[in-house]
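Each in structure tokens, the structures are laid out below.
Two complexes are shown next, each including chain A; its partner changes from chain B in the first to chain C in the second.
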Partner chain A sequence: MNASIIGQMAVSGALMGLVYALIAYGFQLTYATSKSINFGQGELVMVSAFFSLTLTNLGLPYWLMVPGGLLFGALLGLVVERAGVRLALEQKGEGWILLTIIIGLFFFSAAENIWGRDDRPFPTPISADPIHVLGVDITRIELSVAVGVLAIMGLVELFKRRTLLGKAFEAVSADRDAAELMGISATRTVMLSYGLSGSVAALAGILVSPITTVGPTMASALILKAFSVAVVAGLDSGFGVVLVGMFLGALESLASFYLGSGWREAPGLVLLILALALRPTGVFGKATIRKV
Partner chain B sequence: MLQVEDLHAGYGASEVLIGTTLTVKQGSLVALIGANGAGKTTTMRAISGGLKPSRGRVVLDGQEVQGLDASRIARLGLAHAPEGRKVFGPLSVEDNLLLGAYGRLPRFFGFRAKAQADLDRVYDLFPKLRDRTKQAAGTLSGGEQQMLAIGRALMARPKVMLLDEPSMGLAPVIVQEVFRIIRRLKEEGITLLLVEQFAKSALEVADYAYVMERGRIAVEGTPADLSRNERVIAAYLG
Partner chain C sequence: MKRILLLRGAELIVFALLATIPLLVVNPYALGLLTLLAIYGILLIGLDVTVGYLGQVNLAHVAFLGLGAYTAGLVVTKLGLGMAPALLAAMAVGLLLGGLLALPALRLEGPQFALATLSFSALSTTALNELEGLTGGAQGLSLSRPPVFGYALTPPLFYWLCMALLAVVWMLMRNLLASQWGRAFEALRDSPIATDAMGVGTYRHKVAAFALGSGLGGLAGGLYAFNFQYLQPQSFTYDLMIILLLGVVLGGRKSLWGAFVGASVIVLLPNLLSNRLLFQVFSGLGFAMALAAGWRGLMKKTTRPFQALAPVAAMGLLVVGGLLVENTEDWRKAIFALMLFSVVVGLPEGIMGFLALFLAKLFRVPHAPLPEPSDLDAVLPVRAADGSPLLVLEDLKRYFGGVKAVDGLSMTIRSGAIHGLIGPNGSGKSTVVNVISGLYTPSSGRTLLRGVALPSGSLFQVAQAGVARTFQNLQLFGELTTLENVMVALKGVYRSSLPLVLLGLARTEERRARADALALLELIGLKAQALTKAKDLTYGAQRFLEIARALARKPDLLILDEPAAGLAHPDVLQQIEIIKRIHQRGITIVLIEHHMDVVSELCDTVTVLDGGKIIAEGTPEEIKRHPRVVEAYLGHPPQTETSGGAEPLPA
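== the complex of A and B ==
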């Protein structure tokens, strides 16, 4: 066991962890405006990935397929908001929990029927050639994951800080009733957050698919990790999910290397339990997560 | 400019307002006073749409607005500086002000330039805010937050402004400052409905006043009338 292998494992894992961070970031976006999250978010990742694969198979070049996939993800996010979240929130109930799970199951069945149960490769123009950075090999695909995740999170954060619509998003997050008094429609802002969250999920699917392949169950492990990251980091720090995501990714990679691949899922669950026991608001969080 | 007729509203099964009726004429300052729990804040919330009235009418500049979403009523020209100020704590002072003008600004770019004249006007009125444009609103003192809440409401260039308990929880010196500003707003011709616990100060600035008791208007009149009304003196001015 030498240091370079450990470094290699940690870096690869951390880059994968950015995908968990991105999905967790999608939870944060909707939690901020509506205090609700989509428990079927993993299915959004998966269906968007299948849709993007179909676009590719139809001959669309990669750089056109990506915006197409993001748009599709946004649409799915709006469907979830309309069908699963809005009524429940208007009644100030917790019905969205069950409804978003059910919509997720529906998407899962739909995907199995439309695209089948097999895992399929996801073509990408980005080569798998490694580049050497400080004695560590990073494949270009892994690098594209990192660039894509940080770029979209950066864009969304810029949107929130620099545009009036983004500031309105922050205002609804801070005080929904006061925002309404400014003429900001909270309902539309929640829709916007679900649309953005759907796009973010779609991008996660597009970025990770070349590594994991596309299949109906591709997101079930991802989503568990994303939940762990969201809970450990807290539901209001974008910076927090990136750090925790990379940390968890690295830890997983090392655990599966040293303890065997069966232990891959262990660090996420251990972190989740530790966070819930020791710091339920998350390491970087201020908001309290309601226990339901 | 603003008419409220036979307004009923409440929380769940308990009805707080049982037929409130009042009128605010253009350019006038109307005060709404009364004991705690009489329904003053509920009246304000039912007017601005935070609470849906179960019965009655709210007419803003000739248009019925009862039952509309609060955001819609705000865009029709009603600005409500709510009880407890409710500034957006994590956002900067300037962002709070810009959001006050949300209804008439472009959503993406160029909104700051378009709002500059209104920002300058608010900063002239509240010089303390000019020194703190980048500061998070949540870190301001209570008095400064109240100035910000009023400034934010002004940014909308509203037809009618509702001011709910602007002096609540503030030191006496700051309360004087708040009333100086209310006078200034009145001089500028802004139509105001003011809810106040300091009945005496409110009557000094108001053109007309309503006294609320148990969900309805008990007495109304000019401040001079009310200052002679023995019931009002005993309950609120003594």
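== the complex of A and C ==
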């Protein structure tokens, strides 16, 4: 087999994997503050992408459309938190799993009916011309995905470390009760995390749409792989999701090449079940001690 | 008696009615719907095992339906076998793959379990699509119903077959879920740690529950294949899974009737969506129900505002949407979502949970009567206590990273003693208990019970070896009644094998278990609350119940982890009384406690820990005066004596 083809597939796959990493990072944000994740996150990615497409079609320039899309994503995140998560958290139950699935289903149906069932192209000012790096072709769009993903993750991490609000976020993540006693509202912090997580999902949608096109089912495969990445890396390691995301992206790109495109999803799913069986806290996650 | 008559009567009437329908009605469409009702009934009873009893969001059930359907289809088309082997194979595939999936999923809870099952589902769809040589891939697989005993199965005959299977499944599952197995499933949901610590074994039961549910999914899949006679991988995807969850949750969890109601809803849904008038009537009814339930909940202050208002908003959206939207079929997913949302938030017990209460009042269905308690001497015989060493700890250590929580502990607990274990916060008391009871594996050292090494690192095996414990942070099975909490842990009563339990031939031991458990409740003074859910007991009663449950293990050694923590003074006195009563039956007790008066009153010997090491041992009086104990608790050596006692006192 030609080594350069393998290298090409691995690199494109890994860049695509960064999108999984970004969605997985969205899971981490909410998991940190509330130990819950949005099972309908894929629908957030998809609906935000559709909304951004509408903004573009309305004539908004790309650089205004992006913040608009992020804001919309944050709004959807807040809706999910209010309708699906808060009550279950107050009852200390796991009702949020089912409720976030349900809300995702509602968003899906709404998108299907508002924007239609067909896949549509997503215009972008970034050209699709490839650049040659070390014998491998990388398109500018792929590059923009990588830059966008790393930039927003860096920004959120900076926010968490450098601002007072960010420190409140970290405090609630570390110990919800203690943070409450220090006068930090855990409810608001959870809202913040869901808003951020929604924005992150929206950005993932905006970045990936020029490659995959926009359609109601655009995120159904994405989300499964994001789940895999989040679980394999561990739900508390931002660094881990980037590594695992790139690894998984490369792996599935090679799998679809050797086994046929129908098996594209398989490595991620197998990895996920294996990781859950062997190391439920993830490769980069911290093991916890059971206390009674 | 009246209860049994009413309950069994209702089942008989419904099944008899369903069985006679093909004789009265010849409408093939209605018959098709009823056949589907039977198939979905079996499917949902299976799903309810994991979703209701185990309390996990299971997203793999639709995969077992699909795998079962394809198995049956392939057995008939490729192997040329008949219907019975095909159905058996479909069920076997469900059981087997369910068991296999449960093994890795075993340690998982909540979201991780949901993710594991979701991935399995997606994998199975991929496999069905891609293994074209076998399944025909997206082209689908056609099959025909093979004749049974030479008779071609006409639609009414096939309908009767499905109904008969539903009735059989119904009876077997009713027996199983009302037995120790059903209780163990529920215990597992409420507290896996306590389930292990009560010697019930989370491992076996979780795998069994999941395999069983999946097996029923496979069986339903087999029937599905013969019903539609054409299979496609797209039929078994996430969309159908959501509808199945809707069925279980809407019908009512932990209820065979709930599964039946849920199946009816699923079968009727397509008609509901295609008929505009019907849809408006039903959404209007739903809105009215949400409004009434929400209003009632708000007035009685039993629900939070969100719980009352959100379903009203969702159903309101459904009504308004129904008027605005051109084609309700297009919005079917949103409609499911709104319905499911309203039920999950506003009616968590489902239709049957709500209806069961109402019907029980209407027909005055009495509770099952409680038997006379067994003789306590038969349940918990008085044992001879000879003061010989019962539990010996040999240089026990447990480190967490650099923290030496237990650092070289050697002590002996004598048979028949109440041995106190005290020490300041962080002195390692709880870690000692967790190491002895098997929650933690020791870093080094041994624990010997009557000279035999206790298994290390397994709550379940230690419980089996004869050590029972209570938990400082209560680990009761909240959704089970007080009586059932004790029955779950009861040792030496359940002897019948699974087939006997399924056939309902284990009633005698079930009666005995109730009587025995009642005797233990009488011992701790909770007999009157036998039928109250554990989560509804007062805090004090919950602490007492923890002890009764541990006693049901009939242990050689009982470890009480802060049994008086947080109790009001009268409850502390009662707790002391209870512990004395247990002691009189010759059970050796290790008592971890902060209340010095409790320790003084009860203990023969007290060991004091500080920094993971023993600093003193002796009678309560000696301990109180011991300089190192005073120093450990007060932070400075006593003024009156010079602190010379660096060595622990000899016991």
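Everything that follows uses one rule, which is that the second predicted complex is superposed on the first by the 286 of 292 C-alpha atoms of A that agree within 3 Å, B and C clash if a C-alpha of one lies under 4 Å from a C-alpha of the other, contacts with A are read in each partner's own complex, and residues count from 1 in each chain.
Going forward, a contact is a pair of C-beta atoms (placed from the backbone, for glycine too) under 8 Å apart; a residue touches a chain by one contact, two chains touch by 3 or more.
Keep in mind the model is a prediction, meaning the values are calculated, not measured.
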Partner chain(s) touched by A:163 [first = chain B, second = chain C, both, neither]: first
First, second, both or neither for A:129, with chain B first and chain C second: neither
Which of chain B and chain C A:177 touches, first, second, both or neither: first
Touching partner for A:118 - first (chain B), second (chain C), both, neither: neither
Touching partner for A:263 - first (chain B), second (chain C), both, neither: second
Chain A residues touched - chain C or chain B, whichever exceeds: C
Chain B versus chain C as contact partner of A:101, first or second or both or neither: second
Where chain A meets both chain C and chain B, residue numbers: none
Complex contacts: residues of chain A adjacent to chain B: 163-165, 167-168, 170-171, 174-175, 177-187
Chain A contact footprint on chain B (complex, rising order): 48-50, 69-72, 74-75, 79-80, 82, 86-91, 95, 98-100, 102-103, 105-109, 111, 152, 156
List of chain A residues in touch with chain C within their complex: 36-37, 39, 83, 86-87, 90, 94-95, 97-99, 101-103, 105-106, 108-110, 112-113, 220, 224, 227-228, 231, 260, 262-263, 265-266, 269-270, 272-274, 276-278, 280, 289-290, 292
Chain C residues touching chain A - in the complex, by the definition given at the top: 55, 57, 103-105, 107-108, 110-112, 114-116, 118-120, 122-123, 126, 129-130, 193, 238, 242, 245, 249, 304, 306-307, 310, 325, 330-338, 340-341, 344-345, 348, 400, 430, 434, 439, 471-473, 475
